[in-house]
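Here chain A shows up in two complexes: once beside chain B, once beside chain C.
This part shows the complex of A and B:
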């Protein structure tokens, strides 16, 4: 029996994974330090816009990725200022950031580009797995070792679990949270620009769909741990990749609209099941609580 | 009793309103966000007029024209405000008990499906179909939200993400009904036939649906501020342990408030069918479920002010849609709403002590 189509399908589904892996690791870093950013969707959207703009202005996909990275960083600076330095409700600020950035993403693109632009260049790839896919694995490993094996990681966890005690121990909670938010935000921007440049190859309205929300859900479902987050991000990417295949081969008798939301259906069911089964709380204790010095 | 005069009563009421610092402080976020929107629009219009060559005042003109330019523009603007207002009141009831109901979009989709289904297929007189449409919309979307509220209360599963994701799925089901079984044959775009019993227009673009929305304001105010249930809701919202010490069953209150909240959002969906679109079209709930969040936060979760914030956001949305006539993508409304939102949060927090 010839397994080539199965293997190539598996590779091409894995090839989609950097979007969710990068963004969920980005979210996880910020969450570990106690910053709950719900405006992820907009962060990724800005990344997609600037990715395509970078390619069209500088003519290189590396420039596009770099610009997307920087755009994500810029959004992260704004949201870090509003959620860390100011004692605002992080949920509400996240929504504000989401509205502004998702609106700006389309606005900036259509104001600066008059014609439809298509990215022709691509990365050399190994069966559909490009350099970004391998670097997501590296990023996950680096994340794991920094957070769980070094004293910097301990500082991050302390800032997320008990910022008061961390402050007493001489850790600058504000600095830790700022660094984590910036790193996370830039990864989100990178994920967005990778998605627009390599996968979809042009910009269209609302191109991020609901993948940002799916990334947040991935992190919560995985219980804020590195390896489960990586694996469940792969699983949800698999579901996203399966959508087109189910439509083409028709081996599930479901209407097209339902197949399009299959990842969300699985997401809700898995979130509920994992919530029912989980005995102890997995979220960082100070997640979503702005730290105010007495 | 002998000499009750209405004028005396009015004067007595007016004397009870104190324009002290607290009143001013509660008006401040609204004022500052209007100024912030004005500044944002000025910056954006300068940028647009430099890059496209359209005049600065022409842009203001098309923004104004789309929101207030004609009777039908005002009617459409008020209709959009109506939808936002109904969902906002629904969300306020959940917010007051400390829950985030982000599934407004999906609950509207359920309401639209049931409203249109009742209107299209029930073998009953048309007024009865409308009543059953609205009633079933309230009950079913309330039940869906209530089930998610139960998961929150019983297993502490974040209601933010469950309501949101279930919302995405429900909108997909709405799209399925339009594309599949209920679709109108022989039309280029996917839509259902016109639902019988749709409300007639009072003014161009404006249907009596707005009275339903206006009636919900005193109902929500009364429920939250004048009933034991509303008191318990607010107590649960202000802190679970306080409520439990008072012997209040916090889980029960959470579920009830989610049912009411989801049900009102369902009414908004049915209202969209009967009061605006006369049928269901693809992606009909739009972003109303999300616009309602800033509308609720802007007025600090007070239902009796929600009318103003809904109209304000509706003006921003319609005005930005008007900019498409000069070649600007309509996403700009979202930017404005986001800025209003952030400014409101910042200013709200400014006046409050730690």
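This part shows the complex of A and C:
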């Protein structure tokens, strides 16, 4: 038997992982402060659009990344205003953001570009892993130390667990949640632009598929902790990589449609199992609850 | 009285503080003076404005009118961090601890010693340990709040405030969640802290024995106004304080008629049950209650009372044993069927089990009665009948509002409990299970609820009273069953039993008999 596809599948784990790692860490940051965004799918989609647009207008993939980052930031500003300043239901706002931004992503692209544009450039890489992959490791480590070792970390955890406690400790829950939502949203935009620029290399409608949802699932599966989130994101990337290989090489005699949904089915099953096995509640206690002084 | 401290400007002076919520004054021109080393009790019924006043002092609310002076200097307190800078710290009634952070992290939060934002852990812990030694407040610093006892959590909150260098330590109902033993310890701690003059304590409470034990001065609030300011020599007795709080004499000893209990109404036989964590907390309980009798269950919270109540109401199934009602085995019947037979339940946690806070008074009174023919016309609820019923019921139970569309969560604790009683007792039950019916209520509401229970006793109802308040249990009960670690260790007559005797049994000291 030829093992080449297996080895190359193993590489594709790490190759695709920045999308999931960046989005999961982005989601995790906002979640930790108590803000839940179900519309991350849309944030990522906007990132994909502006990633390609940035490359085509400025002729540099770095500009694409920067524009994707800023686009994610812009979406985050809107959702932060609606969920933090106004105590609207975070689920409703999240769904709204998702519908609007995912539609907008395609609309903006096709309004600004006529022809199909293809990205040719690549980021500096090492053994097939580009610089963004290494940055995701750095981001995870920085996240870990900020949350567990610094005063900002304490403030974020308090805002997400017991905003009343943060408030009486002189921490502005408002400011903490704004900052976390903006940082998180920017990472989502970054993840989207990296995905469109490097992985798919051109824009097509609904290109994010279900990766945003998978990122939400990753964070829940990992119990809202940094290192497990990073590892789970790698693991789910591996599943997606396997899925493509299985399709291409036909390991399993199954219809293509079924193979396509396998990573998601597998993910949901894992989530259920981990939910049953987990004894303690891991989500921040005030996740999804707007904070208002009584 | 011209001693030195009184001629100096007081540590804290609040003048003419007024705060309105939606046009209603929660604080109406309140004056308050706190001197160095004092424990100044702020006494009042639920909703008298005690907590609002202290939230203003700690910077959570801004007063609409009035001035605050510290050491004779006028200050404005715009936020909790302003208050901390002025040496004011508040231990809130609903503790503000982050469950996922360790005790030491909870203590330093917001005021961490840092290098480039990184927390200097050792330094923080040493500083906390010094405070612990100085005040004798020992708590495991590396534990997380959920694993601590109520008393240790309370201590953590106090440490948090002391860590920030508070001179004015506001305590909001600090004893309400503590067992008698823990309460004693906390009171000693407060005494030693204030004796050295390091701290001065505004002490919010409606527990009169605590006031008598601790206060060096006190202010009584009623409906947002100061009705009395007293110093140590003028405090007087529980009765006189209660009268000032409520505005009328309060009967601490209600008239209990001698009744001969009738037939056995309700019994449990050899009940065993598990709590939600899978721990066996009820371990072979057998009890019987007769018509026209109140059986009190005395015991420290967490000895199986909650699960026993759940078994009786059919909310959980016992793993062993029988529930018998009028000679019939009803172990297998569900809650709805039990209520139809005439069970009424006053749960211990009124906010989560007693009512639905966001629903209106009318809807809350309807819950559980909504299937009755008089409230439905075929498919829909007959709103007119429901309104009429709700209006009559709240009038009968002296609820402090006439607006039946008001969300119940907006009412005071006493009124919420009246709504629960109104719903449960207006169904004309024959067996009443009252689990801590006066928990957290002020003396006026307590008196009212006690009188209602005694009236139901005279109406030949069988009543099972679960309570942690020994005075309550002893005053109301015909017989007292002491529960310890899931077992009834002794059943005593209500008359002629001493508090000490029950107290010892509650702590698990079985007398050889």
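The rule is short, and it goes like this: the second predicted complex is superposed on the first by the 285 of 294 C-alpha atoms of A that agree within 3 Å, B and C clash if a C-alpha of one lies under 4 Å from a C-alpha of the other, contacts with A are read in each partner's own complex, and residues count from 1 in each chain.
Everything below uses one rule, namely that a contact is a pair of C-beta atoms (placed from the backbone, for glycine too) under 8 Å apart; a residue touches a chain by one contact, two chains touch by 3 or more.
What you are looking at is a predicted structure, and each value in this text was computed from that prediction instead of being measured.
Enquirer: In the superposed arrangement, does A:171 touch chain B (first), chain C (second), both or neither?
Expert: In the superposition, A:171 contacts chain C only.
Enquirer: Which holds for A:161: it touches chain B only (first), chain C only (second), both, or neither?
Expert: Second partner only.
Enquirer: Which of the two partners, first being chain B and second being chain C, lies in contact with A:190: first, second, both, or neither?
Expert: A:190 contacts neither chain B nor chain C.
Enquirer: Based on the superposed arrangement, let me know which partner A:264 touches: chain B (first), chain C (second), both, or neither?
Expert: Only chain B; A:264 stays clear of chain C.
Enquirer: Counting only touches as set out at the top, which of chain B and chain C does A:88 meet: first, second, both, neither?
Expert: first
Enquirer: May I ask you to name which of chain B and chain C touches more residues of chain A?
Expert: Chain A has more residues touched by B than by the other partner.
Enquirer: Pick one for A:246: touches chain B only (first), chain C only (second), both, or neither.
Expert: Neither: A:246 stays clear of chain B and chain C.
Enquirer: Just checking: does A:149 make contact with chain B only, chain C only, both, or neither of them? Give me first, second, both or neither.
Expert: second
Enquirer: Inside the complex, what are the residues of chain A that reach chain B?
Expert: Result: residues 38, 82, 86-89, 91-93, 95-107, 110-112, 205, 210, 213, 216-217, 220, 255-258, 260-261, 264-265, 267-268, 271-272, 275-276, 281, 292 of chain A touch chain B.
Enquirer: Of all residues in chain C, which touch chain A in the complex?
Expert: 58, 60-61, 79-81, 84, 90, 92, 94, 96-101, 105-106, 108-112, 114, 117-119, 160
Enquirer: Under the touch definition given earlier, write down the residues of chain A that touch chain C in their complex.
Expert: 145, 149-152, 154-155, 157-158, 161-162, 164-171, 284-285, 293
Enquirer: Contact residues on chain B for chain A in the complex?
Expert: For chain B paired with chain A, touching residues are 47-48, 51-52, 100, 151, 155-158, 160-162, 164-166, 168-169, 172-173, 175-176, 179-180, 290, 293-294, 297, 328-329, 331-339, 341-342, 345-346, 349, 354.
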